[in-house]
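Okay, got some structures for you below.
The two complexes that follow have chain A in common; it is paired with chain B in the first and with chain C in the second.
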Partner chain A sequence: MQFFGSSEISPSPPAPTASGNYGHMMYVFNRNGVCLLYREWNRPLRTLNQQQDHKLMFGLLFSLKSLTAKMDPTSVEKGNLGVPLLPGQGCSFHSFRTNTYKLSFMESPSGIKIILVTHPRAGDLREPLKYIYNLYVEYVVKNPLYSPGTPIKSELFNTNLDQYVRGLG
Partner chain B sequence: MPAVYSLYIINKSGGLIYHKDYGSAGRMDTNDSLRLASLWHSMHAISQQLSPVAGCTGIELLEADTFDLHCFQSLTGTKFFVVAAPGTQNMESLLKHIYELYTDYVLKNPFYEMEMPIRCELFDINLTQAIQNDRFALLGR
Partner chain C sequence: MAPPPRSGDAIFANVDRVNAELFTLTYGAIVRQLLTDLEEVDEVNKQLDQMGYNIGIRLIDEFLAKSNISTCVDFKETAEVIAKVGFKMFLGVTASVSNWDPEGTTCSIILEDNPLVDFVELPDTCQGLYYCNILSGVVRGALEMVSMKTEITWVRDMLRGDDAFELRLKLLKQVPEEYPYKDDE
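Right, the complex of A and B next:
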């Protein structure tokens, strides 16, 4: 788990990695599992209603994190499987890939989880996720009208996000 | 540091039928490996549900902070997965090779009962050799 050295927004977004990482959708969860933001750019298949989908996604991340913490082959003391972990505690993961999509995941020290689902051939998206976190800090956290833990309804954040994710492809 | 930390084989219902460790730090007891195997089985299934595009067959590669997990699912639903050092290459071909060994030495063994834990000496011997060859191939590079 990396903690960010400076809270200043990077002057320019990180250069896009390998081509073809077109975004499908993005989720932002807080540490209680509340979905603060859901953006969708290209999603032809929907198997569940939206609320169920968010719950399933949060559950998947939670369980995958306990799986990686327990499976970590480099640490001797791994604790018990299924015990909730604090952000930054235990071995986490940053992405997984299937034949149809790639999911990139980042957790901030305060437990904000940012999930970006892209084309499977997308490159390493850790830097872009940090940039998105910076956007969140700039346009959401610093907004005096925003109360923490409520869904994000910031037009400025959404437009900047859309623009940035489209630029990734 | 070994390239491959451990290998798991799980049957189509999520039960662990084979587990071998090649030098992870700390001991993992049998109950924990059984739990991890069935947890992986469910996560694999959930990842298919969440796909934005039709035709998803589940997680192929999970990149954690300290390891990579490569998974191969055969047509019959048996899953093979290896835990390897981050950035290890050619794990797909290693998994395919392990699948080949499984079909040759486990499935063709008349005493093996389907979906049951694998106890076949020839499989063990050939598997150890395959993992070792893979390690040498890595050192040579």
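Right, the complex of A and C next:
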């Protein structure tokens, strides 16, 4: 971390709960649906080409978000399904689980979406996702030579990310 | 549950800081160079605003990541957060929000203290210069990233003899989230 002086990223990463590699893959999207980053650690089966895969993932999240907001029993202000919401409006989901994988999701108010697909037994990953967002800020956003909105090609970010996800339980 | 948003002071205590004088003089050197390169004061104002905008669209992510703020939907709340947390975190000073119009779309951010102008006096040749125009650009850029289109102007400027710095924020539009792909792609 010598590029950033003595600064440690705060908050420090939540301690992994168990050992073992639970991460399958990760996506980072921006608001315009551009896939800024795709990392793969363990994905035995691929059925789509990469571009279709990214679009499908983004579309899934987009639709699921508007569905979950529409279903919300605690909120009165609900537009019709499919009517565009303001960013941050309505409730938002943070994960779903199937019998074979778990998808954890976070979105920042600036429209950065981070998706982590893991083993279904992975615990609550909201804090780790926030930490990954911090990594993104330190290694990507603060890099003056990175142009916002373009795919991330940072070795430093990838290395740190891989290392962190490997430690997740 | 999600941790509560952190206060400006708490974040300010935890981030790396640079020497204030170095910061002030570096900014001064940039403005000076722009004046030399562009010659026209209006062009310098424009350039500073553009530079600020480019900073703002990046700064917003650092701000959100460190402050634990999870939504920015309400303009009033957002303006308060910028003044109390944002300015504290990045400039080390606290600003206040006032002069709301009845619709809640226009307000003023008032800065009593501004480290950018510590050694500055406007000479006669630069009377039209908004020396701190970079700040308005930063705020505009950051707000645009949370889908708020704004127009920002300086109302008061201590370098022009006013008693404080006053930024007027006008919310033009909140942009709803739209599905970015076309069907035929």
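By definition in this document, the second predicted complex is superposed on the first by the 153 of 169 C-alpha atoms of A that agree within 3 Å, B and C clash if a C-alpha of one lies under 4 Å from a C-alpha of the other, contacts with A are read in each partner's own complex, and residues count from 1 in each chain.
As a convention for this text, a contact is a pair of C-beta atoms (placed from the backbone, for glycine too) under 8 Å apart; a residue touches a chain by one contact, two chains touch by 3 or more.
Only a predicted model underlies this, so the values are computations on that prediction, with no experimental measurement involved.
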Clash-or-fit label for the pair chain B, chain C on chain A: fit
Greater chain A contact set [chain C / chain B]: B
Partner chain(s) touched by A:Val117 [first = chain B, second = chain C, both, neither]: first
Chain B versus chain C as contact partner of A:Gly59, first or second or both or neither: both
First, second, both or neither for A:Pro87, with chain B first and chain C second: second
Distance in angstrom between the closest Cα atoms of chain C and chain B, superposition on A: 10
Shared chain A surface residues [contacts with chain B and with chain C]: 59
For the chain A and chain B complex, residues of the former touching the latter: 1, 24-25, 42-45, 47-48, 53, 56-57, 59-60, 63-64, 66-68, 70-78, 81, 91-101, 103, 117
Sites on chain B touched by chain A in the complex: 5-6, 23-26, 32, 35-36, 39-40, 42-43, 46-67, 69, 83
Complex contacts: residues of chain A adjacent to chain C: 5, 7, 10, 31-33, 55, 58-59, 62, 84-89, 108-112, 126, 130, 133-134, 136-137, 141-142, 148
Chain C residues touching chain A - in the complex, by the definition given at the top: 2, 14, 16, 57-58, 60-62, 64-66, 68-73, 145-147, 174-181, 185
